[in-house]
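Which chain is which? They are A, B, C and D, in the order written, and residues in each are numbered from 1.
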């Protein structure tokens, strides 16, 4: 794959960054990760808006438009795509200058997700490492070097993801996923101030739940509620909705054929495809 | 300057890192910054011990010795030093592999410190941005991407440094300095669990204060105490001890010729030069 | 003075409560303190509403009306007042039964306030004892036995009051007063969630400031702001507005003849007298 | 029962406290509750030491000895005991004066505990109300009017007790009991700084566990661990050890005949009877 940096395209293995690239070395940058569906970049406008939010918190004066970013992405896809190519995972990093010269766009193949994931569910756990809530560290920041995530990833072992709790003992999110609980006839997900990055897939899921008129609660979630839930599922960009079979030693559900998670999985892709806010500017 | 990466030496402007150097791009690494005195690397053993502590928290299995690191540093100094060269600032980054192949050592000239700094003192302020205390994020981690520091640095303006408070409103440290207060006949500095990186210069200062039998308190420091202090000074590697003239709108002291800070400045360099723990392995 | 308990009037020194009065002994009750102006009870309706709020948090089912409470107060004043009597301080305690039988109303003379208080101001300090913020203990509760207040009162010495900070290091209130700061052209007072009992005098002061179109901020107040304020004043029922001369070692102001605090003192009594919400039901 | 107050003995229903007993009315006092075994007061010395700790925090200058308190208790038991009388529950309240004149000692019959309690276990739950941890409010204080306890008691319904969590989401204690968990081969109980009143029965239980060389951990306990425990039991003065059958909707154990809780129940009374520290001064 060729990648874009500072208005140039570089070969896959060509070194790009020097020893004095301090914004990179010191983690002084913000980023987004975009995927494609049918080789069309998904929710670019939403990712761009979130990038601007991170920039604003970090005082990075972003000086290009969503349309200009889109052009670069499309150019990269054209360069990197052959007849057989599948979906892309596109990482966008913006350094503190905030101009197109400070922009790095990297292309990868999106990994295929096994159908088993959706049919059998995954095992998750609780991380022993605390993530600060949004009262301490602003949750909107999508920046590198979040030590709680890096440290938790080292503990994953055979688990799909580990959920982090904040300093109040409330649920935040996984290291790369958001979490939803089904409890009674409510679907519950932690609010932003609990210390949750507002994932695009999380937002789409919230819209889907509202559109289906299922009961939704976005609020602080006590860790104990994880053991009181009848269903739990994760959301993240590359896999969409992932049902949870087991949390810690507790088996949640054996059969995913007839429950709320299944209902949402069956409706999710159709919903995001039809929702025009995900395709603005395409 | 030439720099070391993955067992090779690279020219100053030669690109080193590729688009897929994920440990760098995602901030998955730990680092140290070492300075020289008289072109001898200072407190290498202490920096190495702190690097090992960071590694342990991040589960990076460090697989080389302090002696091996010292050899690389000395080799780099030999390569980069000409007759006229002054002191060095040496940045060491270790990526998650933990071997010498995952080691990056970068050389820079240490900036000269104006004598005025010590005679006139500096202006500092309080950052509006919270740093999590050591009860939430382990303070020993020296990792890139600490958003509270990056965001505070953007607010420095003409101030020398801004002090961060933790979520309890207690004093932590500046963005690149530790802080000490003189109050009555006590010298006070925040404890590690307040959310303080245990700077090498901070440790040397603590040793100096003890050796001079001045009263020392290492404990949580309420932010209000900053306004009750008769003297404040900062410590950091490149400048040693820096007296504070003004905090916010409050002028602390006009005359630095006869106070505790001056006494410590006068004794500091002699002390660290004579203290063998700073020169182990040289 | 005669006092009311469980539908009876008791002589001043007559014992009332038995060894098994558990609601009293265990602090299971809520209370209010009302003063009179010109021997008319002040803001009875507001005190009653706040009593109901406390009752609701403690699940005490209050079963009498404001009018019924008013009758008892008026009856007590008639019984206890002779020609020479001044203003009253009336304490209302409601035990967990919530009926008139569970009601205790006590009468005292309101102490005279020296004019010096308003002209010279008072000295205050910061309590070393933490008050939990409203995120931990609901601030609306007016209940006996708040250990942070009792412990702080023991430390008053010659100070008029000590301000308590919450667990975040933000300003709450004094042990029997609310606090306001003047900073630039703003008047600032801590918000309820900082851990502030919403005093009736505080509410009247907020209304007065708004009516005079002075800039008002009701928000978390960092403890450091106490040292950045140009004026500070306290409010509480018996004295109204009390200017602060000195906080800790810092003298705020020598001359109270021409500042914001003086302006508010000059307008306060007129304002509350004219504001009909303070005299509902009289 | 006759009760002691201010160096006098009062009849059961005789009013004792006047309308101006401010230390009582404002909750300005500390207390202890002592029980008897075989009509001998239990652990009087330990209760007295804890009373002194509360006094020290509240700056109450206690001016009588344990022996003098013991004499009053014994005199009260002699006065109140007839041939048929069972065990006593003795409440000691000390007002802020700290002398014997400020001492109130109340006598009651200790309620009989049904054997079913130990054989069937009890149902407990989690309180939705937060108790501040020991970092915010000192846990050693045994004072009236702790709103978190009073409010939680209102929610008990058919449950034996509800466990309070602190502001970090960690387990503290019940409204009148301490809690222990069995997890793997460890017995775990929250540490004091979690916000735990150090109950005398809790301390005796800790001694018993140590003497039996069972693995003990006294440390912060995450609320989630309540759902991971294989056994849970409560301790409190009047009932000793109480096994938990059900927490929330989770049934812990059906059969109490062969587990750790049973082992401890079988050994507890023998242990405390034999342990001389419980009978000092008798």
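FYI, a residue touches a chain if its C-beta (ideal position, glycine included) is under 8 Å from a C-beta of that chain, and two chains touch if they have at least 3 such contacts.
A quick note: this is a predicted structure, and the numbers were derived from the prediction, not measured.
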- For subunit A and subunit C, the contact-path distance works out to 2
- What rotation angle, rounded to the nearest 5 degrees, superposes the C-alpha atoms of subunit B onto those of its identical copy subunit D? 180
- Task: Look at both sides of the subunit C and subunit D contact and report whether the same residue positions are involved, with over half shared, or different ones.
- Result: same
- Message: Roughly how far is subunit A from subunit D, centre to centre by C-alpha average, rounded to an integer in Å?
- Response: 49
- Distance from subunit D to subunit C - Cα centre to Cα centre, in angstrom: 34
- Residues in subunit A with touches to at least two other chains are numbered 167
- Item | Pairwise chain contacts under the document criterion | A-B, A-D, B-C, C-D
- Interface residues, subunit A side, partner subunit D - complex: 126, 165, 167-170, 222-224, 226-228, 248-250
- Note: in the complex, subunit A contacts subunit B through residues 3, 5, 10, 12-21, 24-28, 57-59, 91, 93, 104, 106, 130, 132, 135-138, 141, 143-148, 150-151, 154, 167
